[in-house]
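There are two complexes below, and they share chain A, which is joined by chain B in the first and by chain C in the second.
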Partner chain A sequence: MLKLSGVTRRYGDAVALDGLDFIVPDDTYVSLLGASGSGKTTLLRLIAGFEEPDAGELMLGGERLDGKPPHRRDIGFVFQNFALFPHLSVEENVAFGLRHRESKAVPAGSDLNDRVNAALDLVGLTGFGHRGVGEISGGQKQRVALARTLVTEPRIVLLDEPLGALDANLRARMCDELRAIRERLKVSFLHVTGSETEALTMGDTVAVLANGRIAQAQDSTSLFTQPANTAAARHLNAWNLIGGRVKGRTLDTAVGALPISQSLPDGSEAQLAVRFDQIGVCEPDQVPAGQDHFTARYLAGEFNGPTELSFFRADNGDLIQVVNHLSNPRLPDLTEGRTYALHFSPDAALLFEGAA
Partner chain B sequence: MNTRILRPALAVYTAAFLLFLYGPLIVLAILSFQSQTGGPQFPIQEWSTYWYRHLFGLTETSRISQLPVGDSLVRSLVLAFMTTVVSTVLGTMSAEAFRTRFKGSGPVFYLIILGMMVPGVLVGLGMALLSNFAGIDRAWWGTAFVLHVVYTYPFAFLVMLAIFNRFDRSVEEASMSLGVSPAQTFRRVTFPIIFPGVLSAMLFSFTLSYDEFSRTLFTVGRELTLPLSIYGTFSVEIYPNIFAFGVLTTLFSFTLLVIYGVLMKRFTASRAGRFSGQEEAA
Partner chain C sequence: MSTMTTDMPAEKGQSPAIKREARDRRRALMLLSPGVLWMVLFMILPMIMVVYVSFWTQTTFAVEPTLTTASWERFLSSSTYLSAIGTTLRVWAIVLVATLVVGYPVALFIGLFVKNRTIQTALLVACVIPFWTSFLIRVIAWRPMLGTEGAINVILQKLGIINEPLTFLLFSEFSVLVGMTQIYCVFMVGPITFMIARIDESMIEAARDLGASFGTIFRRIILPLSMPGVIVGAIFVSVMVLGEFATAASLSGRKTNMLGNIIVSQVGSLKWAFAAVAGVVLTLIIAAVITLALRIVDLRKEM
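== the complex of A and B ==
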């Protein structure tokens, strides 16, 4: 188990990580979702030992990590740009850690070859050992990088946007393979990504990194359907947030008063969150009974294949997004520039206390 | 402008420029085949290899004494070799240090670079005065050697700095995350990747030291290096044996260059596929 407590890292005046607490359990696939610049790469570099925290401590299996040099931490790192050794063949890349590491080095010989071949088999690169690393494709490089790390049997594997440099088809396939490989090896993976779909697909646990802390860490479904705070909701890229001030049992927002289920102190700020796929659209005078609603002007639609995203502009300028599934369309035909009522079930809305 | 005119015009210009560059050398090379009776100027009396044989003492004794360059040639080669080793090691180490952008790296950078900027005569003179003052005997392997390092080290440093500039640090981090110590990482990862740069730094250091004149002049002591002893023979009278010697040393330099080229090719071109890895996907 990897346990981070109160980890802080500053660069000059900028705070990348601000007293972050986080636990990576054993034998789990954890994905860490964060916007670019949120400090997610910094977090990985701190765990790997390439940088040291300004405050806080890192523990791996009851052993203090911070202060140890990277090569004594026994932590695997898969780089976004793969960072393969350009002067070595695929085989030599994979054998590198075993042969030259400080402790428990494996001398050249049949034992080493067996382990290298086993690692190449594991990532599906049987027979590629003699190639130069410049002679293989991006997806294959990714696999070599993975094999090179896994062959040393690290206690935990950190993956820094490992799929970022791959094209979409390959990404989907590597997603499955990464999960399968991890399940076979029973080692924890900590996978950092900026893509919410990748994070939700990969992680047994998905953690959202925002403002230098973990906003929420939970399984994919719970996180997606019940984000615990606005930061988490915003990172999922599936929730509309409407801010306002509490007035009795309503929230006074820029798009009008919307009823709320909880009672909060009058005058306090709160955010109402409604998921993209739980908003219905209709003519302003035809709102179904029992639905909360507000009006907004239709801007444009974005066709994504199986889904279509519709953009609405509320009176205060807020952008509201509604998703429609092609196989099961809920939306009427929309005309650009016209105003519609956007309605949702009161149960579908989440309420977060605090300002935006 | 029309490329049909421009291209040939540029070609002619380039050819003329190359001719201008190598003209003096070609003249020397031709004159080195002058016969025994001819002087160090045109016309060629008769084509012969007399002066080459004279250089190696293979001719019957003549009025003209053999060129006294044997010992100084050895000295210059040894000195250039020592300088190459020390400058390249220092240059690589300091370029490595500059990767961390340590405090005060700005001023230190300019102080290092100054070594190749200051006029050689002044540094040479200064060194001579300093060694007199400190009571140190001047010698090619001592005072002159120090100045050769001061002079060539900035070149090696700059070459290595450029190499490290486009060096992808993550390969070193990858090595360490595999449990490999920093020392082994340098030996197994960093050094093989920067090796072409090291080779260039060595070539620079060697050539610059091999024909260094002004810094050596005041600091060399009694035993002269090659450029100084050749210069010394000018003061007597010039015979074509100097030209013959010049041709031979030029051939030697070309050999070095060819070795450099072959090594570079082995470490880059033939493994272009592998080596293109530097900074790729960045």
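== the complex of A and C ==
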């Protein structure tokens, strides 16, 4: 188990990580979702030991990590740009860690070869050992980088946007394979990504990194359907947030008063969150009974294949997004520039205290 | 024929693509021509001339275009000239090793440990400072350092390490080696720094992450990746040291005779044919050294 407590990292005046607490359990695929510049790479670099925290501590299996040089931490790091050694062949790259590590080095010989070949088999590169790293494709380089790390049997594997450099087809395939490989090895993977779909697909646990802290860490379904705060909701890119001030049992927002289920102190700020796929659209005078609603002007639609995203502009300028599934369409035909009622079930709305 | 066809009639002339290709080729040749012209006029033709002259007949004060191998025979049978070849090769080898030993750590420091590009450049420029002073001043400046009354001797005597001043420090092969190492070191530092600075930081981090200590990373990653720089630097230093005569003459008090010194003195006494022989020998040695260096590392593959 990797445990981070109160980890802080500053660059001059900028705070990348601000008293972050985080636990990566054993034998788990954890994906870490964060916007670019949110400090996700910094977090990985702190764990790997390329940088040290300004405050806080890192424990791995009861042993303190911070202060140890990276080559004595026994942690695997898969770089975004692969960082393969260009002057070595594929098998020499994979053998590097075993042969040249400071402790428990494996001398050249049949044992080393067996382990290198087993690692290449694991990532599906059987027979590629003699190739130069300049002679293989991007996806294959990714696999070599993975094999090079896995062959040293690290206690935890850190992957820094490992699929970022791959094209979409390859990305989908590598997603499945990464999960399969991890399940076979029974070692924890911490996979950092900026893509919410990738994070939700990959992680047994998905952690959202925002404002230098973990906003929420939970299984994909819970996180997606029940984000715990606005930061988590915003990163999932599936929730509309409508801000306002509490007035009795309603929230006074820029798009009008909307009922709320909880009672909050009058005058306090709160955010109402409604998921893209739980908003219905109709003419302003035809709102179904029992549905909460507000009105917004239809801007444009964006066709994505199986789904279609419709953009609405609320009176205060907020952008509201509604998703429609082609196989099960809920929306009427929409005319650009016209105003519609956007309605949702009161149960579908989540309420977050605090300002935006 | 009313249907569309992709076959263009051949008599319409060359296709625009082929014309464009020809135009690009012409432009490339034009870029090359000043250099080629220069090389042919001022290098290839004079070189051929030098080889030709080396077979001319040398009289006391003139050369005549009567072909003979007399100059070659004299050169190759004279122990003075053969030992000049030996001296040249010895000075070259020692200076090459010395510039590498002094220069590599400097390059490693600038290329690997200085992260700021501006400071990197500033430090490289600082390596060129020896060139800011004239050659003569530089040589004169060695005297208060290496002379019998110089700083090194005075300090060693004060410390009681030596009783008599060391005389080999100045006007000897030693001072030639020290001087050349100092002057030519920068040509070793530059290319090596350039190669080391190109090594991706994450590659070194990856090696560390895989458990390698700094020593191992240096041996297995940094050294092999900087080899092209070492070779380019070695070629620079070799070409300059092998053709050296000024440093050798002034710092050795004319005691160290390299091939370059032979050429200077032969030209000075109007022995053109003989100077030409020494010139051809020198050129052959330089060509051999460069070939050898390129054999060690395939630059085309590595750069």
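Note that in this section the second predicted complex is superposed on the first by the 356 of 356 C-alpha atoms of A that agree within 3 Å, B and C clash if a C-alpha of one lies under 4 Å from a C-alpha of the other, contacts with A are read in each partner's own complex, and residues count from 1 in each chain.
Methods note: a contact is a pair of C-beta atoms (placed from the backbone, for glycine too) under 8 Å apart; a residue touches a chain by one contact, two chains touch by 3 or more.
It should be emphasised that the depicted structure is a prediction, and the values quoted were computed from it without experimental measurement.
Chemist: Does the chain A-based superposition show chain B and chain C clashing or fitting?
Modeler: Here the two partners, once superposed via chain A, clash with each other.
Chemist: Looking at A:H71 after the superposition, I want to know if it touches chain B, chain C, both of them or none. Which is it: first, second, both, neither?
Modeler: both
Chemist: For the three-chain arrangement built by superposition, which of chain B and chain C touches the greater number of chain A residues?
Modeler: It is B that touches the greater number of chain A residues.
Chemist: Who does A:V133 touch here: chain B (first), chain C (second), both, or neither?
Modeler: first
Chemist: A:L125 contacts which: chain B (first), chain C (second), both, neither?
Modeler: neither
Chemist: May I ask you to decide whether A:L4 touches chain B, chain C, both, or neither, giving the answer as first, second, both or neither?
Modeler: In the superposition, A:L4 contacts neither chain B nor chain C.
Chemist: Look at A:A210 in the shared chain and tell me whether it touches chain B only, chain C only, both, or neither; answer first, second, both or neither.
Modeler: After superposing on A, A:A210 lies clear of both chain B and chain C.
Chemist: Now for A:A165: first (chain B), second (chain C), both, or neither, which partner does it touch?
Modeler: Only chain B; A:A165 stays clear of chain C.
Chemist: Intersection of chain A residues contacting chain B with those contacting chain C?
Modeler: Comparing the two interfaces on chain A, one with chain B and one with chain C, the shared residues are 48-50, 69-72, 74-77, 79, 81, 83-87, 96-97, 100-103, 148-149, 152.
Chemist: Flag every residue of chain A that touches chain B in the complex, lowest number first.
Modeler: 48-50, 69-77, 79-89, 96-97, 100-103, 132-135, 138, 145, 148-149, 152, 154, 165
Chemist: Which chain B residues qualify as touching chain A in the complex?
Modeler: Residue positions touching the partner: 168, 170-171, 173-182, 184-185, 188-189, 192-193, 271-278, 280-282.
Chemist: Over in the complex, which chain C residues touch chain A? Could you list them?
Modeler: Interface residues on chain C, with respect to chain A: 200, 202-203, 205-213, 216, 220-221, 224-225, 302.
Chemist: Can you list the residues on chain A that touch chain C in the complex?
Modeler: 48-50, 69-72, 74-77, 79, 81, 83-87, 96-97, 100-103, 148-149, 152
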